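Below are structures written as structure tokens.
Look at the two complexes coming up: chain A is in both, with chain B in one and chain C in the other.
Right after this comes the complex of A and B.
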């Protein structure tokens, strides 16, 4: 009531602060509370608040703030993110979880561009993540390339591999592209396990990141504050994720965004107006896999070890499930869904054994109650600022 | 433009055949569209009118024959290449992207004019914003000719529009790319008699504003054909059975037989 009555800029800014606080608070609470019963109550409270937020118009307000005052909102998010790292500063497990969430969310952003915008289903998200990871491992072990180049190359190789996969099926309609990714997602694991050069089932060791003498494997010390070494990675991954969020937003709010949506909705009608379907399909696929590959490289460097078991077909399916759960084509929905899917089974131990069953139930429930996902995608409205 | 090309027919189809399995949907069809005219394409259901449009716009491949657009052979080109030569069309069944806004749908008609460059779209956001503004103004002006209300619904999803506004939007989408020739596939489909009349007046007015744009129109409503077209071509079983002014065509015994059967 209080927030809905606040019209205009102030209401929007307050709304976005509240939403950010809710997200940061939930993360801190879920990550820090150990007692299972307290945790259960906490999750219930968060669910209740999340249910209440849209009713009070807070979500709508935050959304409008994002449209009208994007830099103010970005600042609020930055402050929220920094305080999150500050609060969790020496909690290794919590920071690792945050990093994992952001890595998965980035891959899902890529899938959002592919599936949500261009309508290409990608059942090999984990395989492209793995491609980036193995690229980083091989480059780090065989060359002296700087880590920034290695990370970028992880993205480039994943994107290139994806392009090679999809080019032959570009001129077909229907779900051939989806089947190709499905086959790749299944084969990737087997290929890695059988390949001696890539370490086989045992995997490969990867050195951590060093950028301009900043060694990510050491604890991060700022002034008198000392952070776990994971804080290095969380900051880097957070920055990359923010960059890709803006990238995805810019794609959506541009002519290209309209072309991609049109490719998904009606290939025939729009080709008649001169749109080159295959160009935009391959663009979306390449861009999405680039995001996955970059994060794969960072992931390998962070864990300092990769093995085929990290990139199974099941992981790829999980990524698709996150996108469906979050809301196809909604970037923030993807982030929220990743938090739920990654954190809940990790923290609520009794879930772990039943996690597949639970996911199935959540997805079915969701498709019944909110068929468009947790946060539905909005109709694109270009701001006509004068 | 030289005087010679000005008089040249913008669209010439000669000996066009299309086979679907054993069915001959178009049978050595030859049609010449004259510059600046409204040509009506009529005939019973299944006579090949829409197939003709689909071949011209590159959706189906011709089994035989040739299509010239402004003297250029477009027979084997793909739809997006044909669009680049200045041909636009509407569809019999509405083919709007219903979940996208009115503006987005319109802009699909202007694909060729708008900048799809990565640098421009992702980095030069200021220039993109300026172009969006001028495109929105152009879109409003065009929609307003048809229906001032529609111009105010620029950012609403197309699914929120009524049938006649959807059809208007489809026609605007075909016009906004400034084509040289427009194919209208049954603009009256799914609308009431009054709506159809109103829409046709709007189409004719816009056409005059655009310097007598060349139009080919498939239509079942004979009142419209009589009022709107300069010439008609009648198809039956994929063949041209008659051609001329509506009054002459309507009196032709072959045409009467095609529509009403042998007496």
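Right after this comes the complex of A and C.
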């Protein structure tokens, strides 16, 4: 055992159960409650609990549990996720929102690798998301291709398209590199609108997912339980999200993560030590774009429609905003921030034309209260292993 | 210290609980029925969306004020931002909410075409209030889909005929590159060719392109008598103002997309003067119940104009409420009842749905801007010859 454990194993496990329960409970409450007043009370309670959790050391406990008992924590999260799907089982809209949250969270994991670890700002996230989506749309006629392959190809093509940007991104620094990606994002949108083969500004229909005879557009039936067809997507997207979450954790905790951190913090010092900056920047950029592309393909297949209006500069900005709000470089912060950024405008529909205004104000307020993001990334602690 | 804090929290919570309880005590004499309205409430088309929302809301208010109704209606208004992915999201929301029995959706065709399948999947009947792309109703027979607004075919037929009668010979088409603009251009081309008039060139730009001076410079070279515009107000505004900058004096022929006060207030009455438009409804003052609508709209205290499609939203909302009164708040029964609507009087003229759910009796009317107002052609000073359209041969 390490000396850093605060409350012992039991305390850590209980903390992680509590945090998972809070996340699942908040999602269910926010998605299921329609009455505005009840919802208001509920959000106040969630905010209160989220404020209390770090004070009571629960958050720290859960974090420790994640570090020392990763499989136990994964099991808890899996149980939490399954109960979430079980509770919302025939609520189409709630499941669609959960799927959307997980999609955006995965894309933002990609941006976390780019921005949070390697220090590359990517203002073209929506373009790579769109690349995946359009890949899926274009491969719709190739029915002999299994959808799993289509989805993976979405990621591969997005990563490949990203290589176009690698040279300018490597040759520029800081704000200028960010500007390069921004220009690319705008170009991409213009290209889509002008391209008749890709459906132009009107967009394209995309068929849903079918994997080995499992048709995602039919209701999911397990035993005597019947789930909304969106449950198919939630399960698939949840699995992909979990996979990429573990992948990101692997990157962060391995020497790759340390090198990426070093590349971000001091390029000159790192090159003095013999690290090839260009290789690691390219790696982070490509890995992030791959994640975006994969999810873009799934997103297009889930909504069954794709149009350039979904991938504007504003959407790219939203992705960066999620990473900033969550706390740059924190994987779990991304999830929490995505929940807020996706659900808040939706829940504000009742104030109609003023909803985006209020949404912006709330985000500004949140960042004023927590300037480093909701869950700031901790400084790396090097532990002695026994 | 902690105690007093807890006390304050306790008070606050109990206060909120009391408020919630107070809200629940009103016993309803009538069963409550929910209707959804979807339109662009934010973004560049929001003026039209808000105008439509207000009109639909007005229809519900007036209905609820009538003691003879069987149900009490509630309008749930949602914002689709004219984006297909947001439209899919909000329509999934209303479609999977069983308390909503019918919807009045969509201003933008791009949003409407993306959601047709969702309405069908969840068997939620709907009546489109504005989107005019023909494929929305005519691509395939979907029992849930209906539309009170005309398709853009009629307005182009009337428009081409009208321009021929004035003696115009040469045209340039300027449309946006969505299916909507493409369809506009297609039917404009079809009817103009049928009338043996000449199209010198066709231009298509994305609806959010800010600078159209490159296209307009080329058009200036072509020197047509008429520029036909097939797009929505934001792009139309840019075309008209940039035409002026480049000194293009061609007559502007618009369509339902720029119909409404938003166009005139955006370009100013001077630039708007003489702009022609063909739109599927006579002015309200000519319609039975039209004055009733505009009087009540003003009385209800709405500050924004209902815009061109406000009356359509009002008529669509009224239509679905009439059907609910007859067959009850049941999705399947409403779908069936809407399919049989024939010669139903409304403020936009009689409504008759064909097999595809399309209203086939739009009263296409010719308009011209005169002194900052859309004026019906026959009553304008242009028709009497007191004022003249541009480039008249």
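Structure notes:
Everything below uses one rule, namely that the second predicted complex is superposed on the first by the 345 of 386 C-alpha atoms of A that agree within 3 Å, B and C clash if a C-alpha of one lies under 4 Å from a C-alpha of the other, contacts with A are read in each partner's own complex, and residues count from 1 in each chain.
Simple rule for what comes next: a contact is a pair of C-beta atoms (placed from the backbone, for glycine too) under 8 Å apart; a residue touches a chain by one contact, two chains touch by 3 or more.
Everything numeric in this text was worked out from a predicted model, so none of it was measured.
Upon superposition of the two complexes on chain A, no clash is found between chain B and chain C, which fit side by side.
In the superposition on chain A, A:37 makes contact with chain C only, not with chain B. In the overlay built on the shared chain, the residue A:175 is in contact with neither chain B nor chain C.
Within the superposed three-chain model, A:382 lies in touch with chain B and out of touch with chain C [touch as defined at top]. Of the two partner chains, neither chain B nor chain C is touched by A:370. Residue contacts after overlaying the shared chain place A:256 against chain B, while chain C stays out of touching range. With both structures placed on the common chain, the touch criterion links A:100 to chain C but leaves chain B unconnected.
In the superposition on chain A, A:304 contacts chain C only, with no contact to chain B. In the superposed model, A:356 lies in contact with chain C only, and not with chain B. Residue contacts after overlaying the shared chain place A:270 against chain B, while chain C stays out of touching range. Nowhere in the superposition do the C-alpha atoms of chain B and chain C come closer than 35 Å. The interface of chain A with chain B does not overlap its interface with chain C at any residue. Those residues of chain C that touch chain A in the shared complex are 13, 16-17, 19-20, 23, 41-42, 46, 49-50, 53, 77-79, 82-85, 88-90, 92-93, 95-97, 109-110, 113-114, 117, 122, 176-180, 182, 206-207. Of all residues in chain A, those touching chain B in their complex are 247, 250-251, 254-256, 258-259, 261-262, 265-266, 268-277, 379-386.
Looking at the complex, you find that chain A touches chain C at residues 34-35, 37-38, 40-41, 44, 91-93, 96-97, 100, 190, 193-194, 200-203, 228, 303-310, 346, 349, 352-353, 355-356. Taken together, the chain B residues at the contact with chain A in this complex read 57-59, 78-80, 82-84, 88-89, 91, 95-101, 103-104, 107-112, 114-116, 118, 121-122, 125, 128-129, 132-133, 136, 155-157, 173, 177.
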